[in-house]
Amino acid sequence: MSVASISRYPVPDIDGLPHDIRERILAVQEKAGFVPNVFLVLAHRPDEFRAFFAYHDALLEKESGLTKAEMEMIVVATSNDNGCPYCVVAHGAVLRIRAKNPLVADQVAVNYRKADITPRQKAMLDFAMKVSNDSKSIADEDFVALRRHGFSDEDIWDIAGITAFFALSNRMANFTAMRPNDEFYVLGRGLG
Amino acid sequence: MSVASISRYPVPDIDGLPHDIRERILAVQEKAGFVPNVFLVLAHRPDEFRAFFAYHDALLEKESGLTKAEMEMIVVATSNDNGCPYCVVAHGAVLRIRAKNPLVADQVAVNYRKADITPRQKAMLDFAMKVSNDSKSIADEDFVALRRHGFSDEDIWDIAGITAFFALSNRMANFTAMRPNDEFYVLGRGLG
Amino acid sequence: MSVASISRYPVPDIDGLPHDIRERILAVQEKAGFVPNVFLVLAHRPDEFRAFFAYHDALLEKESGLTKAEMEMIVVATSNDNGCPYCVVAHGAVLRIRAKNPLVADQVAVNYRKADITPRQKAMLDFAMKVSNDSKSIADEDFVALRRHGFSDEDIWDIAGITAFFALSNRMANFTAMRPNDEFYVLGRGLG
Amino acid sequence: MSVASISRYPVPDIDGLPHDIRERILAVQEKAGFVPNVFLVLAHRPDEFRAFFAYHDALLEKESGLTKAEMEMIVVATSNDNGCPYCVVAHGAVLRIRAKNPLVADQVAVNYRKADITPRQKAMLDFAMKVSNDSKSIADEDFVALRRHGFSDEDIWDIAGITAFFALSNRMANFTAMRPNDEFYVLGRGLG
Amino acid sequence: MSVASISRYPVPDIDGLPHDIRERILAVQEKAGFVPNVFLVLAHRPDEFRAFFAYHDALLEKESGLTKAEMEMIVVATSNDNGCPYCVVAHGAVLRIRAKNPLVADQVAVNYRKADITPRQKAMLDFAMKVSNDSKSIADEDFVALRRHGFSDEDIWDIAGITAFFALSNRMANFTAMRPNDEFYVLGRGLG
Amino acid sequence: MSVASISRYPVPDIDGLPHDIRERILAVQEKAGFVPNVFLVLAHRPDEFRAFFAYHDALLEKESGLTKAEMEMIVVATSNDNGCPYCVVAHGAVLRIRAKNPLVADQVAVNYRKADITPRQKAMLDFAMKVSNDSKSIADEDFVALRRHGFSDEDIWDIAGITAFFALSNRMANFTAMRPNDEFYVLGRGLG
């Protein structure tokens, strides 16, 4: 729909990219039906691209006590708080799909405290917001509160790790003025 | 879709409402196809209901140098900043419809600085954010900057007035835990 | 005493105003002995004037579990926090009169936590400050705390409603650079 | 009028105080007609009392390019921002008297940007607020701006010094819950 | 090592200073082996110099339930929060020496919550940070919490007094661009 | 010196680590003379460890228009602002060594605006602080300001990228309560 720029920086041609990066991009294109702009924008720097997606996969493509939908809630809540359009729109789509719920992404973005999610999920997001905004004050009490909701220490690392990774990701997306693909806005809304 | 509560407070039965309020609600239902929850939640107090919608209409249903879409941008940008789900979701729908643009509401909600809107509209939203968050510092310079973008003094009152009205509205919606109707999430997304 | 401007916007001549607005202004003048500037400043826009005072009356001229003095405390505390001279000075006068206490308005304005008011009134103002500054975080616990002080749910709506209405009012007064009448500064100080 | 406590800490009997402190207190009582509570509250610690008033006098009882009224404006504006009732009420009285203006203290307390003061005085208070809230960011540009308003470098030290001294004073008054004398509320209001 | 300016203001020649000030400076030079810049910078105004050091001594050179190291922890934690290089670097050196611990100053400066100090000391610093940043909210509960850690009411005054004094000191040091002596950076690091 | 825990999480034995991670750790130990704790703490999760250091190297071990010392300034300034002891202490040491300046790390940590660095470096750190704290407001003007100081667009990406990476790193270090090695406190202080 739009022809607006997707980055402040030059966006490489896929064909000219290193082989591994091109393969990754073609694979995601095959699966999603389009290339999410984060792949094109970050490909401007191949080594950072590789590290970024390796980190992403290490956190989000693993076994966890968190569901895939819960992981995306963390991304959506902290990214809206950071004013990051790419992450809210793209991961909002993923959240709708993972949760099979067309409403939850907008709810979590604007105010997770009022969203249709469980008390356990709200506690998870309270902690994610603390990691995002006030990590210097993280204390033993935070772990106690999360364990009371059934989170293991490895789950808690997952919450903190995903939040920390999107602290990086939000800043890079805002810095590059990374534009969300138009496709993300409607995915998972249960339409059509 | 959902059966969740739409308010912390009792929601009156439409049939038992004073005649003028019932008429207004039936009229909006006829036009929209459903009753936006703000009508039902605020009907708990008829006098406040009447004043609220009279104020709303005085600001948003009048001739203005602002377009209807621009008025809704003000609502969406300041309401997301205030963490108000009802106002972001409901007025996001209206914004998409008014602007005939399925993307602009999410863009303006998360970060209007990066949205597909004009510099004049960004200046309008910069001022709305100042009215919303730091009205004590409003100064002559703010008027100069807005006039440079072609806003008349009456347009500037419209910007401030709408922002101020939704400062009230956001607080009441957050206080009552007002729930957006499910219908709003998809309206104007150009689907179906 | 002063001849300074009372508004950034044109102030209408009372004689040229619509009949209902002129009547209201003359009535308040008769009662108070002068016309509070808020009436003149907002009369620039008759429809907004009518809705503003209808809302004001719906909240402040009704039966409530809050005393008239308590209602004014909410206005004074939140308006000082918002840096709104008109509301602090004008409603400070009303508070002194309603409470028959020449000290309480300045105390509540600067720091209600140290004012000569009851613990119940401090709890009321703690909540009003949350509605004013952080409505997105209002939670069930806030209601529990207020009920423990004897506030009914309707009383709590009154607290929130008055706070929300003055969120609007403070922004309009700051935006228009609304000037408090000189008379307000001394009313209720037990002098003369 | 009130019999409330004037400090969280024991308040010494004037007769039991060291001679120099007793003399100072009796002198101020003779001049003002009452003993301002700051003298009694701080007399709990004679050495700190002596240093406090020596510092006060070194800054406020000296020749300066600032008028006495301007010095008090700095105190009133920063003390309201710090939520310090003693300093706003007591120095508000002094400001009214020094400026021979019954309105200016309340205006400067709530929002000096809208007060009936000169642009030079507003620039002075802008800088005082920066010293009070963000001293780490003080830069050469701040000095340039103040010099443009005619302040000498010694005047600028006076602004910063008074602000810094009341940063201390506000914290001690808030910490001790120092209560303003009832007399201060009406002094200088041009009544009776 | 460096020849940079130590103040925005003229630094007086020691020989031209009033006798009492010269004596104090020579005494500290004899003891420390160099003249800390705070003495030279503040000597620009002899009366303020005298009051400043009288206040300093009244608080820090007295018997207290706080150890000398604990007093310095208060200075270092609040001064880093205020972005005051002189106070962090100079008092960091004193803290290392007082505590006979080469690590504690940097730990307390960056994040006292994670420093190798006792829970009692962390409670002391929690309160100091509240005095520094939010004195308007100091409440009885703060005293209860400190007493539970064994602090007497006089100890609590010491915590608040030192914090308040360095609220002044940080602002004056930042305002004058007071430069820490190079010597302070290495003192007490257990080297050489 | 200390035997305190270096992480809230289990720290793996080096011998039991995957080969590539063990090799990396042994290499750094050979070069530095000790194993910086970040390697041991993050080795709890090998995949995240690999991605973390790949990202680190992609940003900090490359050719850049920034000097190595400038890169470390970014880390030290933003990490102190985030209250991250590990990053301030460890990278402070690296900064002292890279800059061959024993003072600059403490200066940049507490208040880079007052540090002995160039205007260009202060502009770099102003932007890094914006990326760290307010990335949603990054605008074309920021690029213009940096280019005026001679930074190329690739240099600007380096500034943003390093800041964003340490946004992640600070949060992980604070979350794990990562302890700086005692050795870092004295490295590069020009002693011994």
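Read from first to last, the chains carry the letters A, B, C, D, E and F; within each, the first residue is number 1.
One rule holds in what follows: a residue touches a chain if its C-beta (ideal position, glycine included) is under 8 Å from a C-beta of that chain, and two chains touch if they have at least 3 such contacts.
These numbers were taken from a predicted model, which means no experiment stands behind them.
Chemist: Starting at chain B, how many touch steps does it take at minimum to reach chain E?
Modeler: Graph distance in the chain contact network comes out at 2.
Chemist: Enumerate, in label order, the chains that touch chain A and chain D alike.
Modeler: Expected: B, C, E, F.
Chemist: Specify the chain most distant from chain D by Cα centroid.
Modeler: Of all chains, A has its centre farthest from that of chain D.
Chemist: Over half shared numbers or under half: where do the identical copies chain A and chain B land at their interface, same or different?
Modeler: Shared-number fraction above one half, so same.
Chemist: If every chain is reduced to the average of its C-alpha atoms, which one ends up farthest from chain F?
Modeler: When every chain centre is compared against chain F, the largest gap points to C.
Chemist: Once you find the CA centre of chain D and the CA centre of chain E, what distance in Å lies between them?
Modeler: Using C-alpha averages as centres, the distance is 24 Å.
Chemist: Once you find the CA centre of chain A and the CA centre of chain E, what distance in Å lies between them?
Modeler: 44
Chemist: In chain E, which residues are in touch with two or more of the other chains?
Modeler: 83-84, 111, 113, 136-137, 174, 177
Chemist: If I apply the definition of touch given earlier, which pairs of chains qualify?
Modeler: A-B, A-C, A-E, A-F, B-C, B-D, B-F, C-D, C-E, D-E, D-F, E-F
Chemist: Write out the stretch or stretches of chain F touching chain B in their complex.
Modeler: Of all residues in chain F, those touching chain B are 136-137, 139.
Chemist: For chain F, which residues are in contact with chain A within the complex?
Modeler: Residues 8-9, 44-45, 47-48, 50-52, 54-55, 57-59, 62, 82-84, 131-132, 135-138, 143, 153, 157, 160-161, 163-165, 167-172, 174-175, 177 of chain F touch chain A in their complex.
Chemist: Inside the complex, what are the residues of chain E that reach chain F?
Modeler: 1-2, 4, 79-80, 83-85, 88-89, 92, 102-103, 106-107, 109-111, 113-116, 174, 177, 179, 182, 185-186, 189-192
Chemist: Would you pull the chain D residues touching chain B in the complex into a rising list?
Modeler: 111, 113
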